[in-house]
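First chain A sits with chain B, and in the next complex the same chain sits with chain C.
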Partner chain A sequence: MDNAKPKLFTPFNVITGLILLVGIPICLYRFMGGLGAVTNLDNNNPFGLWIAFDVLTGVALAAGGYTIGTIVYIFGMKEYHPVVRPAILTAFLGYFLVGVGLAFDVGRPWRMPYPFFMSQGFTSVMFEVAACVALYLTVLFLEIAPVALEWLRMKALRNILVKATIGLTIFGVVLSTLHQSSLGSMFLIVPNKIHPLWYSTFLPIYFFVSSMIAGLSMVIFESSLSHKAFKNIIDAEPHPFDHDKIVMGLGKAAAIVMFGYFGIKVIGVAHGNHWHMLATPYGLWFLVEMVGFVLVPCFLYALGVRAGNVKLVKFTSFLAVFGVVLNRFNVCLVAFNWELPMSERYFPSFMEFMVSLTLVTAGLVAFKWIVTRMPVLTEHPEFRESH
Partner chain B sequence: MHTLQEFFYFTKGTEYLIGVLFLISFIFFYRLVFQAPGDDTE
Partner chain C sequence: MSISRRGFLKIAGIGGAGAIAGAALPAAASESDFEGYPDRYGMLTDVSKCIGCRSCEAACNKQNKLPKPETPFEDLSVLDTKRRTTAQAYTVVNKYNTRGSSEPAFRKLQCNHCNEPACVSACFVKALTKTKEGPVLWNDKLCVGCRYCMIACPFYIPTYEYDNAFSPRVMKCTMCADKVAKGDGAPACAEACPTEAITFGKRSDLMALARERIRTAPDKYIDHIYGETEVGGLGWVYISHVPFDDVGLPTNLGGTPYPKFTKNALAAVPMIVVLWPVVLGGVYAFARRREAIDKQTRENAVANAIETTRADTQAKADQAREAALKRAASQAENEKKKAVKEAVDKALEEAKQQQSGEAPKEGGA
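Our next item is the complex of A and B:
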């Protein structure tokens, strides 16, 4: 698409190159030396950074795929069509990295196909998560495949997949509803390990509703960054779309969902009668999460939409995304094993950080590689009328 | 039943109260977001 010869030593290439240079040997070391050589995990702390960030956060932030898919293909709001492909690509790469991150985290990754072929464990929430994530990754692959097929000019196969879009979207929503909530259900087996303010029998609902916030906010955040980073590609499009209008619409939806999420979280505190815990250090941290990264962004979205302030809505999307990340970290790491003495608590090692950073960097490189070559942010001239 | 707090806890009174307050505040919030000046979505 871009005929100018690309520069090799751009700031993006240098930084990602350095991260990969340090990270890839550590990734290899994890598989040669095992979990003990690289992580600070132990029998008390089986869930570490890779579960909190790579899996829980990764799945939540990839929710843009099903939220935007639903908005466009099921609700029929075609004005959001320009952000469908970037959202689905982000979701596909996100889920792919969830799978890779899980391969790093499980003790014997070569046994990952076991739940499907050897021992199903139908009563396990983890089986449900594994099955849904694997199936949804396949669905996302089929949803994003037309982009590659247009690039390769394989029209017949591309047309078959485009016809299946609505079916795939519905299947994707069903799978997402199941596994987004099941990641919360997974923590229902440890009621005595999670701080009561974060533990609730409503955890599956909290995880599912907050994934919608993450999905909507991530699409605003990611599309705003893409618009800056790939301005030359988007400006070359003969019929540019109104990105600000899309941002405002998504901001509206995110504000409403956040308000509902805050409401059900308060009802959760009342349900457990944990009001007195709000005055403890953990309680104050809970309030930071709930007020600072749910209620404040909720009203900032509302004010941004009301005042027509696109910059405020874009900034708020970052706060909202951070809020969901914070929630997953709180449930999985901060509030987990809260009664253990500090000496027995878990803190990720440098190598764990590097593996997560390497996976994110690999995702960014893949996103950039695909977006600069394939019709993701723009429409392929030969298929312009057929979407 | 010893305290008002226990009364509210065992009768789920607090949850109902919060639920009602939430629904009322949601109406105002909805108006704040969806009936912004110059909004033509309604």
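Our next item is the complex of A and C:
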């Protein structure tokens, strides 16, 4: 950021450059050649990596926006204010990519406005998801817009939007509650296709509660990474904040939510009386998810907070995030069609992986571009909040 | 620390409230309330009559102008592998080894034109509809291609043209709706079947026919019409001489119409929309009030401290500070002690600077 020219061949630039170089042609190929040309999707497996990762995982990992928004603006816990903007920026980019991911996945993406303007299938959970995601993306846009407006010094417009913060936050939480849970509801219609350990009438609640885990953990994870990656920007901030204290607080919250989540998952198994299934291969896999990536991180969070071990809490956030990702993959792909023979199951193609990787990379590049220019990790000197 | 503790309880509370608001209530009525359109058409497959000749496949292919298959319809070797419907074949016949008989059994797969179809309820643009004539039809003009209908169908029926880049279609049996509507006889498969294993007619008539067949040959048939109640009733029903499970008709689907599984979750939407802003607004108002009280407390303490300091000499300042702190502490909640102390310290510092700044000026004047 000095007057020296920024270096072009940094490791970040080289790696992202290579990914985009391979990924972008594949993205184009998807639209020229059709879904069949790049994916392993088939008639038994209509949902693949792009739904499991780009959509289900993307939405869950972007939950930091509404989680932190609630903590700071609604509960009034101002000490978490420094992580609001990065969390909302992450959420905005995340949801934007969910939309892009959907455009790759649906057969006729140019018809994506149809459910809003042409014909409304109110009986479909997919309709609720589509409506909420579209609305929430708009809300996030309005929430993050002040960052760009401060950067552009458009004071008047910025002040109007900032005044709307509370309203937007509440609307955002309503929308998030709805679509985070309805991503789970989407699978309520397949009781015969999903393994009983993952199928439950509580799926919407599971998805919603675990989205909070993802949200809290992602904020820890992502803000810790930003702290390392953008050290020079943060150090230049005249009013440094206590990042470790924020990490500890979020870690504690995550531990409590995870404990509750583990509890309701156990209730689900008890409710369906599926205990005997735990001793099957699928049962073991279920235990890996529930113990390895829910109970263990829950315990590690608690331990880290008690012992004042920031490093441990940061590490645990990675485990917890991975646990939510694993859950989405399990519901959507691993436990789905579990009774079909192996030959009729789905595994993503290389090109599907590349498209997902390309989208994530594009998101990272956008994040970096924005935080190195706009007041996200720091406060704009002219718009410092009085608190 | 205790600030955050209270916050966490709230976060945990959100989980609880969400659980209540978003709960998928247990299905109130598990069976179908919808009797189905009274005069709708249906089909009856008599599995015991099917000889696996693939005539229906050929007729369907011709009627729907589907592409020619790799192996001709006369080649019966394809029966040795299990097949499903594809974008090129709305119907396929499979061969099954069954418990009831040493001979293999055959069954034709196609859309069952459910009374309350999962696929129809799953479509977010209403591209799929259950017509009152009976067939479940797909609309090329609306489909976005999300393929949720394929996920939802309990029978693995709808297929997709994955290789079509610009206008991929959902492909499935239409019960020859166009042909029938034109008055051009029965669906092609039923007309082509040499053994009359497939019968077309009003569903109510077909149910009577099926019952009659079972009644006159009770030793031959399983005493059940598959599709009478399954998933809320099918438009295409089956009778069989071998267990239904053995010919690929799952018997564990239950009688609940599939749309019911998501109906309750969707019913929770207005609940959340109404309840959530109220709850969150309440929490917000509460937090604001507490903040105002805290601020007031802090300001009072600061004012007191400044007052005391100004009046007293530097030697007495420490004492005053203690006093102010104590006063503040009695007003503030315990956990605010630290914040108050900081504020007081800061104010003191400022006051001191101010004083020392003012002193020379006074001296000069």
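Simple rule for what comes next: the second predicted complex is superposed on the first by the 380 of 387 C-alpha atoms of A that agree within 3 Å, B and C clash if a C-alpha of one lies under 4 Å from a C-alpha of the other, contacts with A are read in each partner's own complex, and residues count from 1 in each chain.
The working rule: a contact is a pair of C-beta atoms (placed from the backbone, for glycine too) under 8 Å apart; a residue touches a chain by one contact, two chains touch by 3 or more.
This is a predicted model, so every value here is computed, not measured.
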Residue contacts with chain A in the superposition, chain B compared against chain C: C
Chain B versus chain C as contact partner of A:256, first or second or both or neither: both
Contacts of A:366 with chain B and chain C, given as first, second, both or neither: neither
First (chain B), second (chain C), both or neither touched by A:191: second
Contacts of A:266 with chain B and chain C, given as first, second, both or neither: first
Partner chain in contact with A:35 - chain B first, chain C second, else both or neither: second
Touching partner for A:119 - first (chain B), second (chain C), both, neither: second
Which of chain B and chain C A:306 touches, first, second, both or neither: first
Set intersection of chain A contacts, chain C complex versus chain B complex: 252, 256, 260
Partner chain C, residues of chain A touching it in the complex: 31-37, 39, 41-44, 46-47, 70-71, 73-77, 79, 105-108, 111-112, 114-115, 118-128, 130, 166, 170-171, 173-174, 177-178, 181-182, 185-186, 188-193, 201-205, 208-209, 212, 249, 252-253, 256-257, 260-261, 264
Chain A-facing residues of chain C, complex: 3-4, 7-8, 10-12, 14-16, 18-19, 21-24, 26, 84-87, 118, 120-127, 142-148, 150-152, 154, 156, 158-168, 250, 252-253, 258-259, 261-263, 265-266, 268-269, 272-273, 276-277, 280-281, 283-284, 287-288, 290-291
Contact set on chain A toward chain B in their complex: 252, 255-256, 259-260, 263, 266-267, 270-271, 273, 301-302, 305-308
Footprint of chain A on chain B - complex, ascending: 5, 9, 12, 14-15, 18-19, 22, 26, 29-30, 32-34, 36-38
